[in-house]
Amino acid sequence: MTDTGERKAAMESPAPDGHRSGEGLDARLVVERGAFRLDVALTAAPGEVVALLGPNGAGKTTALRALAGLVPLTDGHLRLDGAALDRTPPESRPVGVVFQDYLLFPHLTALDNVAFGPRCRGAGRAEARARAAAWLDRMGLAAHAGAKPRRLSGGQAQRVALARALATGPRLLLLDEPLAALDARTRLEVRAQLRRHLAEFEAVAVLVTHDPLDAMVLADRLVVVEDGAVVQEGGPADIARRPRTDYIARLVGLNLYRGRAEGHIVRLDAGPGITTTEDLSGPVFVAFPPSAVTLYDERPAGSSARNLWRCEVAGLESHGDQIRVDLTGELPLAADLTTVAAAELGLHPGARVWAAVKATQTHAYPA
Amino acid sequence: MTRSVRRNHRVRRTARAGGAGAAALLALSACSSSSDTGTDSDSAGASSSSSAKVSGQVTVFAAASLKESFTTLGETFEKQHPGTEVTFSFAGSDTLAASITGGAPADVFASASPKTMATVTDAGAAAGTPVTFVRNRLEIATLPGNPDRISSLKDLTGSGLKVVLCDKTVPCGAAARKALEASGLELTPVSYEQDVKAALTKVELKEADAAVVYKTDVKAAGDKVTGVDFPESAEAVNDYPITVLENAPNPGAAKAFIELVKSAEGQRVLTGAGFRTP
Amino acid sequence: MTESAGTTPTPPGTDLAAAAPRRPRHRGRMVPVPLLVPALIGLAFLLLPLLALVIRAPWSGLPQQLTSPEVWQALRLSLLCATSATVLSLLVGVPLAWLLARTDFPGRGVVRALVTLPLVLPPVVGGVALLLAFGRNGVVGQWLDAWFGITLPFTTTGVVLAETFVAMPFLVISVEGTLRAADPRYEEAATTLGASRFTAFRRVTLPLIAPGIAAGAVLAWARALGEFGATITFAGNFPGRTQTMPLAVYLALQNDPAAAIALSLVLLAVSIAVLAGLRDRWMNAS
């Protein structure tokens, strides 16, 4: 996961200041719905792909619906290429949406689904169909133009939905969990295709996802939303390396702690100290991946690890040939073991173990 | 249309008083009917009646036009014969006749036309020969105060007037047709109503300017309509026959009720409602 | 609406629908007795009276009935009025159903209850209510008469109105139910593609709920065809103008039950023919 982020970071261009000159998206979305309040600032330059990442219920989809005009803004503003859209009804916004389950009109063929937008925006029947056919061709779906949505596979339906959203020539493309409806196998393939199509798209694209991998592969920039507010924003690699909340840390597979650094020792706000390689002072985050944790059933005598904690197994979860161990005790943490190692240790919930992490495996950064 | 003289919630009475569907429902309701005439007899036995021993329930099927006068007579009957209960079913004579020939358990049938009565006697459902107890004549019902100044049957044929008649299949329609034929008049109404009350309602609601209905109906409507007599009504006098039914559950009370209807007191109530003595 | 994940239906393309089996049929499997017995009783209860009508029908007199011009006149009027009432119900009932299902306004629950009121109102009372509203002397009717010279009672239009009054609730309820079951997000998807709310309704929602509309229309048509009480009260009874088949049947029943049965059979046969015909068409279309 971190690898992907790194690869993406390498090709990522620094965020251009396009929105300053009036190009692209400049929004502050405030939506109040009962006790829930969404307040998210969002800017993006043309050609940029921004992912709204967050847990379920964080308000990502609400933000997307606000951008599309499907929920009204309580406060804030929304400008696209310099034009205010706050009061513009959804049908008049230059916005295309790919819905989570695509919402292809079941009574229309793939071609007519794609032609629907151009038709509504004033194109003649023949012209709209020609445009739709071109889009389907581009998506490699020319052969399925006459098929009804229920005859399409998940991947095909996804591409038809994308073609339908793009056929109106939107200046803002919104994708709501574009890969969530797909099974693991198709997902890989469709993700790669989607990435290609997004790269070709010259205007702003905003996608909503709860899957960090999707976000990191598809987006240039991540905006992490929790409880209706932005908690972190930045390039995928940056966020993967320096998560600022538990959620993000868990998401990118890291153990994350907050404390005060005094040289190489970080005193945690609650709990023991962690020895790191970085020399810092003041409030910091310390992070290390679960794979960096080694477990022992007895206190290791000759271990060079400075970071050693007495823990108790709270839960076990298997991921392929890996076992993720959830630990409580001196320091709550997650550890990844091979199944063989877990079996040798005789791990079970309630088992008491020693957890060790080498200082070189930790990463501290200012909070 | 079902009315019982006393307010009473007993299932059996309701079922017995019903129309055509009553016979079918009777089987269903029988299980819930725990009391029978025995209880009624007990209360009857406690009182001393001046007339012949008459008790229990008597069910009267009567033409709709008899509703007001028969309801009054029912109360009188129950006063005269303590321990009796009179249950009425008021409906169109044809509907009632169909119920009776279909097996509905009734004691007395009072019809608005001899023709309808004939269907009952032909079916062998009447005990004895029916007797005519009153006559009814047609009258023109006009809007209150007779704003169109209708004074004869011929005036109804005038253009611009909305007139409703009863359908020829019901007695008041047949009578109106007879009167019109006798006077050689052609009358095209806006509607042939399904019964005399429906025809009258159209005038009461001012949807029609006039209707040819029975004198008794005009009287019952009070000041909601104004009645206009016409001489041709004599050509179409309606005889009302009454009879005890063959399968009457309570023939004694049925005879007593008919006696009351034919008595001076009965005739007084009926003429008060606009009927003529035979 | 923070996250819609919880309420999303199965997306159209999650599996290869082409490869998926059609609705599974359990041929040869026993129907549970606790379902079968009441079902058969129900069926028998519905069909026996109709069967009795057929058994007791005066078949010898039937040809004479069928050649009577009055019968055909009443039948033609019945079909004309029931169809007009259905069309009228569709024109105003579908938008009304949409309003009830898709918008939120104060007192919507009360309005929905009011819409269904004609279902519980005895039809004759409905007819009187219509007279009080649209009669020559009615609340609205007096102005129709004074300003446009339009009187509705005793006219064919009056028959159509009476039938619409009684039949439309069936359509509204049926369509509203279908609309509620339909995913409103299709309309949203349409608006993001540039469709106005009306265009979204016309081009997306309407085709999606077409089966529900059809079912509602059939119910309404059948109810209108059999309408008696409101019709005879509001529009009266005049052959060729307002005498529909049920009125003819009722009046025939007064002194010629055999004729009434014959007329009923004609009405039944025609309705069965029409309904079965329509059903086949829809089945083939869908």
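Each chain gets a letter, A, B and C, in the order it is written, and its residues are counted from 1.
In this section, a contact is a pair of C-beta atoms (placed from the backbone, for glycine too) under 8 Å apart; a residue touches a chain by one contact, two chains touch by 3 or more.
Computed from a predicted structure; not experimentally measured.
**Q** Quick check on this structure: which chain has its C-alpha centroid closest to the centroid of all protein C-alpha atoms?
**A** C
**Q** If I count C-beta pairs in contact for every pair of chains, which pair wins?
**A** More C-beta pairs are in contact between A-C than between any other chains.
**Q** Measuring centre to centre, with centres taken as mean CA positions, what chain is farthest from chain A?
**A** B
**Q** Please tell me the distance, in whole Å, between the geometric centres of chain A and chain C computed from their C-alpha atoms.
**A** 51
**Q** Using the average of all C-alpha atoms in each chain as its centre, how far is it in Å between chain B and chain C?
**A** A distance of 37 Å separates the two centres.
**Q** Taking each chain's centre as the mean position of its Cα atoms, how many Å separate chain A from chain B?
**A** 84
**Q** Considering the complex alone, what residue numbers of chain C touch chain A?
**A** Touching chain A from chain C are residues 1-5, 8-18, 183, 185-186, 188-197, 199, 203-204, 207-208.
**Q** Per the contact definition, I'd like the list of chain B residues that touch chain C in the complex.
**A** 92, 94-95, 98, 115, 162, 164, 167, 169-170, 189-194, 198, 201-202, 205-207
**Q** Could you pull out which chain C residues touch chain B in their complex?
**A** 128, 131-132, 135-137, 153-154, 232-233, 235-239, 242-243, 247, 250-257
**Q** Given the complex with chain C, which residues does chain A contribute to the contact?
**A** 33, 36, 38, 56-62, 65, 68-71, 89-93, 95-97, 99-107, 116-117, 120-121, 149-158, 164-165, 168, 176-177, 180-183
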